[in-house]
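We call the chains A, B, C, D, E and F, going by the order they appear; numbering starts again at 1 in every chain.
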Amino acid sequence: MFSVTVRNHMMVAHSLRGEVFGPAQRLHGATYVVDATFRRGDLDPDGVVVDIGRATEALRAVLADLNYRNLDEEPALAGMNTSTEALARVIADRLAESVQGGVLGDSARELDSLSVTLHESHVASASYERAL
Amino acid sequence: MFSVTVRNHMMVAHSLRGEVFGPAQRLHGATYVVDATFRRGDLDPDGVVVDIGRATEALRAVLADLNYRNLDEEPALAGMNTSTEALARVIADRLAESVQGGVLGDSARELDSLSVTLHESHVASASYERAL
Amino acid sequence: MFSVTVRNHMMVAHSLRGEVFGPAQRLHGATYVVDATFRRGDLDPDGVVVDIGRATEALRAVLADLNYRNLDEEPALAGMNTSTEALARVIADRLAESVQGGVLGDSARELDSLSVTLHESHVASASYERAL
Amino acid sequence: MFSVTVRNHMMVAHSLRGEVFGPAQRLHGATYVVDATFRRGDLDPDGVVVDIGRATEALRAVLADLNYRNLDEEPALAGMNTSTEALARVIADRLAESVQGGVLGDSARELDSLSVTLHESHVASASYERAL
Amino acid sequence: MFSVTVRNHMMVAHSLRGEVFGPAQRLHGATYVVDATFRRGDLDPDGVVVDIGRATEALRAVLADLNYRNLDEEPALAGMNTSTEALARVIADRLAESVQGGVLGDSARELDSLSVTLHESHVASASYERAL
Amino acid sequence: MFSVTVRNHMMVAHSLRGEVFGPAQRLHGATYVVDATFRRGDLDPDGVVVDIGRATEALRAVLADLNYRNLDEEPALAGMNTSTEALARVIADRLAESVQGGVLGDSARELDSLSVTLHESHVASASYERAL
């Protein structure tokens, strides 16, 4: 099994609902350093999982729709607790749409799975993995 | 599949038994930077794998019982070669007990698995993964 | 010259005023991974610059007053553009007060200088250095 | 499941063939920071997955055959697009030969699998995982 | 004293002349992860050392002229041993020209100094610092 | 001003004397990831501060005398509190002797200064800087 991982980041405000979150129920924020990993059993005709340049651009485009925003006011996230793990799924699902829409090239449609990890600090991160 | 990872560290003395370890048979020591990863198929009602604050506290508590000690004199580790991978299992098993004891909340009892990685330097680490 | 550095982090919301900031004029947020460095010409009678445990606690206390907050609504920061470099100065000045107030012990009053670096992502940081 | 990971690096020149690579079709180069991970279900009689010292030496030896070279002129890689993921497989396969040849000791022949990750920068990496 | 640091990278081929370099006399390559640090005594009217976005773009532009190239064939570097430290100076000098040319805005002309660090691997780096 | 930094590590046991150290008064241990930085105003005739390979070897040799040991029993450190900052000075002084003894080549005798940083964990480090 092969994989390729690319990294970028986004800087957002948000708050979390639920007593368990303590002070994180207040409006605060985070830098999420985001790693997106693409997996497949064999390399494509160019000898890659996916072109790293294209993967980088696809991740950048997905993050651009969330970056520099207050997630509490994002219509697409209404009613959702924007925990680190929930955001990992949002980003993974949007990347999956990019892949299926051909943004990473035709051969990328043969990718098996992708995972997304959000590092919220030097001591905490969360991930979501899904099939493609 | 979702996961959450939290990081902490411990600083211990120990020695290893066996010719293969060469100079590490002498009493020496290590800082282990420890990553604990918790996994489950679905998020809990709060929208998380496990609360990052609680997971951080659970890991801190497990490490506190080993931190600033000479592992060669720890009764609980008697007769064990305290290699990095063996220590990863000790910590994972103790964290599993914490989870099952409710330390991370009721919904954490539905976690599927956890893994523990110990970084012994910038160039070497070891991990242990187990079901919950 | 000796120095000791300790690391912690805070997660805040804020916005920046000024056209140069482009999309960062919107309410967004950041995780700041904060390094505080203490410097002196000679070690104290215990053989340290400052006790790492005490320095860690002093930094934690300073960050606790800003953590999980919307900096746009912090009275103490009113009228200030909370850029990464301006926040580095706020934190350095508050740490300097801690040092001078004896929070790090008597011998810490002989520290020469301190600097504070805020990492706002894996690709950008800002620092402020001052005398003590 | 247990694992051990060791890290080293190599510095090579190469070029990539295929329009998708854009400017990377020119002769350029890379530092690959290489992580090799060895996995097995149980520890060996010494209480380890594999001795970290031996694993480090085995990885060093494999990288030495590629280090400080222009991969476009390496006979062993002739006709291959030396993408990061393809190089991960080359290194994993050569490490697998080392394991099977006894370089990591007899008990290492019971390893289940290994994976190799090449970090080509702070924002991109690729991996290959295979059975042993 | 305030500073701001931004990071980017370039991937180049080159060789070094001189017996001291041993195998690095052969054509090989490197990923240089580049940190550029800008310093000044006071913040500008916007409350920053330099806008991080503009600094990032200025560094990207300087690296673009070297990226994905064989430095042995770069006319601008002819006759120079392109050691990591020598390249740090080349990049610092080109960034200084950008600053003086107004690329980072008018107030950036008041910067005191800049330094450039090139990380050639996880275990080696080189820096050059100069006045502005 | 130019500089070159190389990294290695050592794994030692020790204890600290003094109430301020709390639990670190017990025998415990640490991995110190060590960065040694060499500085000079101009490059040598080969175009470097010091050859990175030689600097790496000099640091390895200095650390080898401390590695895999209990520092409480090292005659050379008798009577010294082996705090992270005190160890940084020990290593810097020994590296200075190496430089002056010609281990890094003749031109390295023109180095201006060196500094040594010991990272004792992902959240704490200490440094010592001295003239040459």
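Observations
Quick note on the criterion: a contact is a pair of C-beta atoms (placed from the backbone, for glycine too) under 8 Å apart; a residue touches a chain by one contact, two chains touch by 3 or more.
Being a predicted model, the structure only gives us computed values, none of them experimental.
Chains that count as touching both chain B and chain E, per the definition above, are D, F.
Farthest from chain C, judged by the mean position of CA atoms in each chain, is D.
Which listed pair repeats A-D comes down to matching contact pairs by residue number; over half match for A-B among B-F, A-C or A-B. Each chain gets a centre from the mean of its Cα atoms; for chain A and chain E, those two points are 30 Å apart. Per-chain CA centroids place chain C at a distance of 27 Å from chain E. The set of chain F residues that touch two or more partner chains comprises 7, 24, 120, 122-123. Remark: chain B residues 7, 9, 11-14, 23-24, 26-33, 67-70, 120-123 touch chain F in the complex.
Touching chain A in their complex are the following residues of chain B: 1-8, 43, 46-49, 51-54, 56, 105. Of all residues in chain A, only 18, 20-22, 24, 80-81, 83-86, 88-89, 120, 122-129 touch chain B in the complex they form.
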